[in-house]
Every structure is written in structure tokens, then in C-alpha cells.
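Read from first to last, the chains carry the letters A, B and C; within each, the first residue is number 1.
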Amino acid sequence: MNIGAHYNYWVAIFLMMTGFYVVITHGNLIKKLIGLNLFTTSVFILYISLAKVRGGTAPIIAPGIEVYSNPLPHVLILTAIVVGVATTAVGLALALLIYDRYGTLEEEEIRLKDDSL
Amino acid sequence: MELIIDITLLTFLGLTALAINRIDKLFCVIMLSGIYSLLCASLFVTMDAVDVAFTEAAVGTGIATVLLLSTIGATETEQRSAPRRPLFALLVVCATGAILVYGTMDMPAFGDPNAPIHQHVAPRYVQQSQQEVGSDNIVTSILSSYRGFDTLGETVVIFTAGLSVVGLIGFRGMQKFGDRQRAAGITRDEMEQHLVLRIVIKMFIPLILLFALYVQFHGDFGPGGGFQAGVIFASGFIFYTLMFGLDAAMRVVSPRTLSYIAALGVLLYGGVGIATMLMGGNYLDYDVLRHDPLHGQHLGIFLIELGVGTTVFSVMVLIFFAFSSRKGLRQ
Amino acid sequence: MNHLPAIQVIIPLLCAPLCLLLRWRTGAWLIATIATWATFGVSLVLARTVVLNGAITYAMGGWPAPWGISYHVDTLSAFLVLIVSGVGALTLAFAYKSVQREIRPESLRAFYALLLICLAGLLGIVLTGDAFNIYVFLEISSLSAYALIGMGQRRRALRAAFQYLIMGTIGATFILIGIGLLYSLTGTLNIQDLAARVEMIPASTYGNHTLITAFAFLTVGLSLKLALFPLHLWLPNAYTYAPSVVTIFLAATATKVAVYMLLRFSFCILGQRFVFEQLTLGNILLLPSLAAILVASLVAIFQYDIKRMLAYSSIAQIGYMTLGISLNSHAGLSAGILHMFNHALMKGALFMAMGAVAYRTGSVYLSDFRGLGRRMPWTMAAFVLGGMSLMGVPLTAGFISKWILLQATLEAGWWPVTAIILLGSLLAVIYIWRVVETAYFNPRHEIEHGTEEAPLSMLLPMWVLVGANVYFGIDTSIPLQMAQRAATILMSGGTL
């Protein structure tokens, strides 16, 4: 279990779990969305760490370079980044409207308002 | 040297993540999440993922931060409740993390050139994409041609986000913003008083738009492409809005027009595929677009990147307009 | 003709932006309806071709798999495509009047566009042969679903949509992690290629831990999406507060497609031997399925909001599907797959009846059902027949799938499970009977609404589904054969 070999992966996992923790524990809707962002971005770090080739360079063909890092995970993560921001945008739109109708962004207060009716 | 940069970045990422968890003031948290995105983008650069870094910086640091700030501008700026069930969450999180660490124990070492993923599908992309597709940027070849259908899906995702905002928030609220401003007697936006900002932004906006066009059309030769270009182009408009006011910006291009442009972008992308089907190839097979496969690939990639760029630009600006127009309601 | 798989997804996908371009509101409905009926037509031709000639492969962009994305349509995919597009077509027909009461007029064009995109996303998941493509189209359908739910009238719809967004995105990210781990082991994303390479990984050395972890994350992520107890928390609120049309569509399709994904990943990629014998997926699924059937049915009995009652009933029915899968036998698998079809028919009809009631009375509470048996005879009759299918009364479609499931559990010798299935049906009788009793056997409601029967445009799609319920309860040969063939394909690793 070579630490140097897997350091990247473990830090990525730590970051993922921090994001996951933020989503579960915090009641503020915006904090939840930021935690979700944290979670998904850390998954990207994991994927991109897989793609790196020691001694390689960016996968843009240039004369004289033989070794390139793997381009396929890059493509997948590009797509995933865009999907992530689209989700954040929809989540924020919902949060805005929730604030308009409930007057608060805290989950507990929202629940109380609904239950008291 | 690279290892030191790597470790430093990862450490800072960890600290930022922990700080995001602890801090209550939402404005600080949003700034920290922007910093987090930027650190990720730097990390991606050290790991040779330049296109990804570009997109993360533009989209994650740029757009996400802008949207978050607009939202707290229209709502509240401070988190009020304390974290609930911290122990249960810690348990779940540690269990999940442990399973993941267990799973990565067998994974190839970081940077190992003999890993399975470098032996199978990827070699063809690296060795033959330049002859088959004609682009120097392998990521663009895969994104636009080999896996072009995924990119169509991605464009539709962005379009869906735009549709969702239009369906949930609606055009009427946005257009009434101008009336509210005039009714309240606000004729000039407060930012207009900052002389330095005004002059600098006026100089920058054309450069930004030009840079966006450069990124759009040079995605074949360097990092770049439709997504990044669309976001940068949108940021030019966002700058204008910040400086001269939402009302003025909505007169330059109205939300309704933006929704039409977004729809047209998706139709352009999908339409290229339909054209290829009509010309005898499979869906999105650019080889048949011209007499010569390589020219066909170039034309196909050019058109779809254009579609992607227009949709991304219009949706980003549309969402920004929608969020900013809510600000007037709370004041 | 050979472009069918692509056309199947392209029609709804590209008609969505068209909906937005027209200024004329009815035009949006018209485009959406034409698109969904065309999609249904294509699905019929596609299913027929696949059943007669075997699986179809279609390379997007002309690049062969695994370098390009290819669509792979076998009997399981064709079966699901029929279900999803059929429900879509009928829902759009139903929608014309229903949305007039429930959606703001200026949001109508976006509404229809989102509905088409959701449909396209679900179809894309089912047809594709590429794992990452599944993720992209999963996000397409999920994102549009979040927005559609949020367009409900009450403010609780927003809360439900947000909750679904958070839980759904966590689930999707787990699925992404699973796919990433699988990719790191094999280097490919094409499902058939993945299956071949996963088999080559020797169990003892390199990669087995990663494989187990990938499986764990995929299963948890998919369980979130298919609302398997106890990860079902988003479903009751989402179905209850969404606009009627959205509930009809999602209840009949979204969770089934998630079950499809579970089947694809478990049987086709990871392999039946690995998943069931080594990792005992059967045991993992068994307890939550039984809990779903019992607990959800019990909770349903105590609901006064009938939409909510039907939502809990859906959770129970999903338990039946996963129970069928956990049996790890051909009969169990066929029962589970057939139940996907039958549940779509049942719940579609029931929720359409709810939509009609909401349209005429403006309420979905039990107390407001009083006397409806007289005032809305056709709607309530549809509800009764749909309810009978839910209970598993002979001559309805619901009976067939319960019957095959019982045969499968008896075959496996699982007596307690058999008892629980029967208990579940009994509980269904109770909660359906509550509504029937109130509608038919109570005196007239004090305030006379002057409610009349639902409009024809709503009754027709409703009765098509009810008719299908009865028809496929009497002559179930076509769906049953497709389900059995699909089960055979799955158990042989998806290579047929």
C-alpha cells in the first residue's frame, strides 16, 4: 500500500466525504447546494487522477512529444462538470422560489411552516 | 517539483473544504467555494487535463459563483440553523469513505502508464484521431466526434437548465423588473458611480468577447471549444449587466430572444445529425457531410461547436437575468 | 429503417426546443402530442423488429464501439421503450385540459418542452449500450423531472422538488463513482465490452476490491433512484405535489427505468454469478423489498390525501419488482419485468383518475370523494378497475404478475415471502376499498359542487389504460413472452 501512489485518491475521497457531510448535516438550502458541488467536484479529481500518465503531457498533439495523458476521462469529466453546474442552477432557482413562498431558506423553519398549517 | 505542487494544492483543497463546513456567513462560503473550484482547476492543470481545467475555471469558479451570489443577493446572507445529527452523518460519511478507500486499494498507482485504462480504448484516440478526425486537440476529437452523442446530451442538459428557470421563474417577472426600477425612481444603477470600474469594464468587454470567439474557433488546436467559449461570451454580458444595470442589458438582448437562441443552438446540433442521416451515414457521422471524410469532420465539428456555444451562452445569460431580476422584489 | 434506434430518441429530444420557439401555446401541445405519438409508433416498429430479428446495434457517429457510443436494443430495451413511449403518448393526450387548471399559462411551452426532454432522457437510458451515456441521459431525465415537479401549484411542490434534487444528485454521483471504478479496471465504457473485460479479471488478484466497491456504489445510487425502501423518502412528496400530468408520467416510467438500469448493470456488466452468488445481491434486495411491500402498504392505508396514498402504493409495488429480481430465478425475473409493464398500466390509470378528480373538484382528499361514484361514474369506474388490478383480482393485469411472482416464490420454497406477498395484496384491498366506499356508499356531499364527469379528452386515455389492464389480464401472451425473453437474455449475460 504505497502512500505516494494513492495519495491523490485518498485526498479526493476525503474531499468527497466532506462535501457529503455538508449536504447531510446543514439545513440551509444554499449550503446544501454548495456541499453537493463540493461532492461532485471531488469525484472529478478522482477521475482525472486516473488519467494522468507519468512523463506524459496534455493530450494535444504537438511535434516531438510521444507520451500523452489519457484523454478519455477528460472528456467524461468535461460533460460531468457541465451537468453539475446545470443542477446547481436548477437547485438555486428552486431555492429562490422557496424563499419567495416561505420567507426562509432554513429547512427546519420550512418544515415548521408547512406542519403548522 | 510537481509532487510538491500537487501535495500543496491538495492540502489547501482539504482546508477549504473544512472551512466551508464550519463557516456560517454564506458570502464567505461562496467565496471559498469559488476558491475551491480554482484550486481544482490548478490541480487539473498539473495533472495534464487542460481542457477540463479551463472548463472548471470558467464554469465552476465563474458561473457557479455568480449564480450563488445572485441568489443570496435576493434572499438571505447568513445561515441560521446549527448542523443537525452530526454524529449520524459522521457515521454515514466515514462508512462511505472507508468503502471507497477499500475500493481504491487495488487501483493502479497514480501515473502508472501500464494501467488498464491506458491499454484499451485510449491508444486509438491518441494514435489515430489526428488522421481520422483531423484535430490536434484529442479531447476535442473525442468530445465532438467519437463521443459526439454524449455532447449532444450535455447541450440538452444545459438547455434543460434554461428551460427550468424559464418555466419556474418565468419571463414576466423579468420584464417587470424594468418597470419596478422606473417606478422606484432608480434611473441609474449605483455601480455607474464607480469611475474606475466603468472605464476598465468598457475596455475589457470587447476583449472578452473577442477572446470567447478565439476559444470557440480554436478548440481544434488548443484547449477550448464550445462550452468554454459560451461561458466566456456570457461573462462579457454579465459584466455589462453589472455595470450598466439589468434594465439596459435586457434591452440589448431580451430574455425571450435568449430562449430562442438557446433552442436554435440545440436544433443546430441535432440538425447536423439529421443531415448526416439524410446523406446516408449514421446519426452524427460527419464523414458523409462532404466529399472527403476529413473535411466532413471539420465541418461537422465546426457546426456542432457553434450550436454548443450559442446554447451555453444564451442559457447562462438567461439564468443570470432571471436571478438578478428577483433582487428588485426584496428591496 | 436501420436508423430506428436513433430516431426513437431524436424525435422527442429535438421537438422540445421546437416547442419553445412557437409563440402559440396550443402549438406547443400540438408539437408535443405529435412527437410522443410518433415516438410510440417508432417504438412499436422497433419492438417488432427486435422480437423477430434479434438485438439491434447502432453506432452513433459511425464510430464502432468501444471508441464510439453505440445503441444496443434487445428485447428488454424494446419492452421498456414500449412502456415509456406508450405512457408518454397517453399522458400528452390527457394533458390538454389537465394543465389548464394546474400550470400557469406563460409556463406552458417550457412545461411541454421539459416533458419531451424527460421522455427523451428515459428512452436514451434504455436504448444505449454505453455506460457513461446512461449517466448523461439519466441526468437529462432527472433534471427535467425536478423542474416539472417544482411547477406544481402548492409551495410544497418546490420543497419536494428540492429534496428530490438533492437526493437524486447524490444517487447520480454514486452511480458516476461506480462507473468510474468500473472504467478504471477495464478501460472501456461500452456495456458489452465491459462485461467481457470484467469476466477476465481474476478474482484473487488485481481489481476485485474495486469491483465490489463499484457494485456497492452502483446499487446504492440506483436504489436511491428507484426509491427502494429505505431510500424512498423523496417519492411521496414528489408524486403528491407535482402537477397531475407529471405524476402520471413519472409514476409510470421513471422508477421502472431505474430498475432497468439495475438489471443492466447487475446482469450484463457484472455478471449473474458474481452479483448473486459472490455478492448475494438477492439477500441484499430481499429485506428492503419485503419492508417496502409491508410498510408502504400500511402507511398508504392511513393517508387522507389520495395522491399520497397512491404514491406509497407505488413504493410497495416497486418492492414487488425488486422481490422478483432478488429471487435469482428465471420465473422471478420474468415476474419482476412483467410487473414493470403492468404497474405502468395500473398506476397510469389510477393517477389519471386522480387527475380527472382534481380537475373537476379541485381536491384530492378522501372526504371530497363522497358521492363521486354518482357524479363522475366513468372516472370512478376507472379507479375501481385500476384498483382491482392493484389488488391482483383475476382477469386484470395485476393478477398475472402477482401470480407469476407467487409461482416463483413457491418454486424457491420461500413460504414466509409468499405469505407477505399475499398480505400486501390484502393491504391493497383495504386502502382501495376506503376510496370506493366513500365514493359509492356515502350520502351526497353537503356542498353540491355540481361536479360533472371529466371531459372526454381525459376519459379516453384513462380508459385506454384501463382497457389495456383488462385486456392484458385476459390475454397476457405478448407482454409475458417479452418479459420471459428479456429474463432469458439477462440470465445469459446480455449477449443474445
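Basically, a contact is a pair of C-beta atoms (placed from the backbone, for glycine too) under 8 Å apart; a residue touches a chain by one contact, two chains touch by 3 or more.
Note that the coordinates shown come from a computational prediction; the quantities given were computed from them, not determined experimentally.
Most remote from chain A, judged by the distance between CA-atom centroids, is C. Of the two chain pairs examined here, B-C and A-B, it is A-B that is joined by more C-beta pairs in contact. Spacing of chain A relative to chain C, judged by their CA centroids, is 28 angstrom. Our note on geometry: chain B versus chain C, Cα centroid distance of 31 Å, whole angstroms.
For this pair, chain A with chain B, the centres built from the Cα atoms lie 13 Å apart.
In chain B, the residues that touch at least two other chains are 100, 104-105, 107-108, 115, 117-118, 121-122, 125, 147, 150, 153-154, 157, 160-161, 164, 168. For chain C, the set of residues that touch two or more other chains comprises 132, 136, 139, 143, 146-147, 150, 177, 183-184, 189. Residues of chain A in contact with at least two other chains: 20, 50, 72-73, 79, 83, 86-87, 90, 93-95, 97.
Those residues of chain B that touch chain A in the complex are listed here as 3, 6-7, 10, 13-14, 17-18, 20-21, 26, 29-30, 33, 36-37, 40, 43-44, 47-52, 55-56, 59-60, 63-64, 67-68, 71-72, 74-76, 79-81, 83-86, 88-90, 92-94, 96-97, 100-101, 104-105, 107-113, 115, 117-118, 121-122, 125-126, 130, 136-139, 142-143, 147, 150-151, 153-154, 157-158, 160-161, 164-165, 168-169, 221-223, 227, 319, 322-323, 326, 329.
By the touch rule above, chain C contacts chain A in their complex via residues 132, 135-136, 139, 143, 146-147, 150, 155-156, 158-159, 161-162, 165-166, 169-170, 173, 176-177, 180, 183-184, 189. On chain A, the positions that touch chain B within their shared complex are 1-2, 4-11, 13-22, 24-28, 30-31, 33-35, 37-38, 41-42, 44-45, 48-62, 67-75, 77-79, 81-90, 92-97, 99-100, 104-109. On chain C, the positions that touch chain B within their shared complex are 3, 6, 10, 13-14, 16-18, 20-21, 58-63, 66-69, 104, 106-107, 110-111, 113-114, 117, 120, 124, 130, 132-133, 136-137, 139-140, 143-144, 146-147, 150-151, 177, 181, 183-189, 197, 206-210, 212-214, 216-217. Note for the complex: chain A touches chain C at residues 20, 23, 29, 32, 36, 39-40, 43, 46-47, 50, 72-73, 76, 79-80, 83, 86-87, 90-91, 93-95, 97-98, 101-102, 110, 114.
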